[in-house]
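Naming follows writing order (A, B, C and D), and every chain is counted from residue 1.
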Amino acid sequence: MLNQPSSPATPVPHVLLVECPDRRGLVHEITGVLLRHHCNVTSNHEFVDVEGNRFFMRTEFTGEVDAASVVNETKQLLPEGGNARLAQHGKRRVVLLASREHHCLADLLVRHAFDELNAELLAVISNHDTLRPFVEKFGIPFHHVSHEGKSREDHEAAVMALLDTLNPEWLVLAKYMRVLSTRFVTAYARRMVNIHHSFLPAFVGAKPYQQAFERGVKVIGATAHFVTEQLDEGPIILQQVIPVDHTHSAADMAQAGRDVEQIVLSRALKLVFEDRVFLSGNRTIIFD
Amino acid sequence: MLNQPSSPATPVPHVLLVECPDRRGLVHEITGVLLRHHCNVTSNHEFVDVEGNRFFMRTEFTGEVDAASVVNETKQLLPEGGNARLAQHGKRRVVLLASREHHCLADLLVRHAFDELNAELLAVISNHDTLRPFVEKFGIPFHHVSHEGKSREDHEAAVMALLDTLNPEWLVLAKYMRVLSTRFVTAYARRMVNIHHSFLPAFVGAKPYQQAFERGVKVIGATAHFVTEQLDEGPIILQQVIPVDHTHSAADMAQAGRDVEQIVLSRALKLVFEDRVFLSGNRTIIFD
Amino acid sequence: MLNQPSSPATPVPHVLLVECPDRRGLVHEITGVLLRHHCNVTSNHEFVDVEGNRFFMRTEFTGEVDAASVVNETKQLLPEGGNARLAQHGKRRVVLLASREHHCLADLLVRHAFDELNAELLAVISNHDTLRPFVEKFGIPFHHVSHEGKSREDHEAAVMALLDTLNPEWLVLAKYMRVLSTRFVTAYARRMVNIHHSFLPAFVGAKPYQQAFERGVKVIGATAHFVTEQLDEGPIILQQVIPVDHTHSAADMAQAGRDVEQIVLSRALKLVFEDRVFLSGNRTIIFD
Amino acid sequence: MLNQPSSPATPVPHVLLVECPDRRGLVHEITGVLLRHHCNVTSNHEFVDVEGNRFFMRTEFTGEVDAASVVNETKQLLPEGGNARLAQHGKRRVVLLASREHHCLADLLVRHAFDELNAELLAVISNHDTLRPFVEKFGIPFHHVSHEGKSREDHEAAVMALLDTLNPEWLVLAKYMRVLSTRFVTAYARRMVNIHHSFLPAFVGAKPYQQAFERGVKVIGATAHFVTEQLDEGPIILQQVIPVDHTHSAADMAQAGRDVEQIVLSRALKLVFEDRVFLSGNRTIIFD
């Protein structure tokens, strides 16, 4: 990793993450715990999802603090079904899954190289060998697990076996063009982020950009989302669009799609790896 | 209409509109016609839809010109299946269809009052009487054609009878919340513009903003499109989005939707009423 | 005012607004007050401006509550130099100042007519009589205070005398094209919102759109800001841009400017009139 | 360079670039030349800068054509002061100048690696050695020309001597943080592209993001422009903004600035290196 030191004097803050059924007094009581421990709160967000009656809180604090006790005392005052934890210090352990397209992958490799992602990239796994030379420039292990001549089941088993040895906290589908089985998705549900081309209106099926071109869409979008058992229906982290017009061919629209996918995935991962994203049912609460 | 005179000295240009199957030499030959007639070209756009092999051209010109001859000579050199015409001078004759929501309607009434639309609003027709006082402020006739106690067929027949007397060139569905029959749509196909809430991804069925909220979308969009026999599948004129986040309730998202609908519909109509929009299959070619 | 009733059953919440020098424990103590009074908090935002060491809080709550006591008890626990207050119920009393351009004014009149602004428009004052018929359609008093044949001082004195009789809480400069004296600005500092065309880079002096055209800018923006003694240097509430290109004439850029000004001013006022905007030095804190 | 072959069958089109004082009949006559030579026009743009009375045309054509004759015949029919040329085949020869910031540089290196830029990167020259390991990963020569202990004049002379040996067509200032002398600028005027942080309103002087923070701006922008003798006043190629709010520190705003700079510079260079950008006085005409 290239050295791009952040300002060395800043103490790394603790990040307290709380979610629970909402009830009156939670903020008062949790801030009471923080006060008693002389925490120096540097950033604080709460949100109540009124429909789901669920409370979310993310608090950064510094100081010579017994953080474990802060968490324990917070836990004790939460209603049943709630949880409190400290975000781990150190980087998230991440594996990227890719196929042949480089755009999202390259952006993540660069950001990782300059330490902008709060992530340690353990490896790239791909069902094609195309991107190996590029990935290896960055000193990241590249694993080619070909799907050719293998059943879907066997190929996925090979990928999962490799993942078992790597033991990542997060999987990122950086244009991984394989349909995942329920078994795979379940194993990594809510720990897997996907980037999805998505249009206004959304086009399903093959050749989405050809469809978009034929309908003459005027914006091209991308959606970063958690993968859940419902695949593309998982909670949305980030969406963005860029404008196109009739002078754009289907190929131009695909290029626009790649550009916006790259931006959206990188920003979404930054949010996730800094523990700024909570799940509330099928929605995300984002403390940006 | 309030007087907001445009600079009076500018001569109103002729607008020549051409579309035909593409073949080599069209631009050369059409510009030849314009030259021979000493037209002073002040704006010119061409575009070839390569997939559809179709040529489009929009040329503004001024001068003491026999415009009818320009058109006739142009027509004669076009391949079979082509057409040339002059955009009519004067404003487009337009009827607005609305229901109870005011946002799109109000924006159009204001722009019309200050002569920004190149349109004469002949009337507003609504299946509710709610917006009458607002519309009548602007001196525009308001026709309440209630759907209550009527079959869909009878209600639509009443609207169509009224339209027959008004004889508009264009219909604008400014949040008209009635499903139109094939008969109605066919009568006004390609002469009717609709504004459609549309999301990334698109949500169908009732309560789209509730669905959008539940999925936690991060952008809210709107699409202005021509209505064809396929209803919401018609060629897209304009699309735009605005960002939302988890702090937006379903009601907030609906408000954001109204804001973007209003902007998109007004801009789309300005393009249409200035003859800047061509249809190419299910796409629009827009010479902005 | 046209009736567009909001859902009648929703109780109007109290809005507690707090700002003070930051110190440890504020959130805990203020939420303690709210708890003791059995307030039902429906929305809560805090923010610490670290550079200015200043704490801001906006809390909506409902319930059968002695709101005056909530405020008094909150005040007592704040550090010196702090303040707490309840946002007034009812609409903000607002006067609009305009000249000859209608776009911002018209949008505000429409939103007011449909009760979307949390404002009562007391009057429009203009140095031209041009917009009178449009304003009077909406039943809003229109005062023409001509500047012709008057010194700047005398004209301003006439406007201020009129304002004294109207006694507004807020002034909105909706494209009021007069330079204001320090005396005027001081009288309404921080209670006056202006909409400013502003570019990347900003162009000063006459004919800004001509300058923008000559530099070939690619975006046109607008800034809504509070007016302070530094005139155009006051705290920014909202900024937005729209793209333009070389096909846009200076007149087209001016039209784009009007469109974005209208959007930005309306959104900014909605934020201000709902007490969502705090001032922190020359910055705004916006609890959206 | 990594291989990412474009579809091999597509013939590389010729690109005819014309600019001249406007006069009647130009399009007709130039298309006449193209017709006589049996050129197959695949894309065509013209634009008349009415204020400057200047005509611009960019035409892509394929076919077994004597392209040199097309150019010569076109030249002969142009008014005095006009010019026609074929865009060169092959990539533009480019040198990047950088300092210590990696974001723009890295994005260009990645796009170059996947052959998305129509450019051959000859070298990176920097006044710091910081980015050497990153640049060399990509197999691009890195030249450290330190400014320490050197007069501005001597440092610039060293850079210019190096440039003489490299002989680039284009220089890109990818966050090169040195003020250039008139001598340097003159030598590369209109062949040098710079990326400039720029705000609404623009902040001059040191620490622009600190200034932006203190004013509480709500959008952060970037401008890619040609460098002329007027340095930051050169013709604008592309501008874009991203939204920020009060929760963004000056450091966060700087990060937002880096993100938008990277996007804007890459897109601007793509346009320039595909000969889609004409200069008209201090404006750019962009045939996108």
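Criterion: a residue touches a chain if its C-beta (ideal position, glycine included) is under 8 Å from a C-beta of that chain, and two chains touch if they have at least 3 such contacts.
Quantities reported herein were computed from a predicted structural model and do not represent experimental measurements.
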item	value
Where chain B and chain D overlap in contact partners, by chain label	A, C
Maximum centroid distance from chain A, chain identifier (CA atoms)	B
Length of the line joining the C-alpha centres of chain A and chain D, rounded to whole Å	34
Centre-of-Cα separation between chain D and chain C, whole angstrom	41
Multi-chain contact residues (two or more partners), chain C	50, 247, 288
Contact footprint of chain C on chain B as seen in their complex	2, 4, 102, 106-107, 110, 113-114, 133-134, 137-138, 247, 259, 263, 288
Footprint of chain C on chain A - complex, ascending	24-25, 27-28, 31-32, 34-35, 40-42, 44, 46, 50, 243
Parts of chain D lying in touch with chain C, wherever the complex brings them together	47, 49-51, 198-202, 213-219, 221, 223, 233, 235-241, 245-247, 249, 280-286, 288
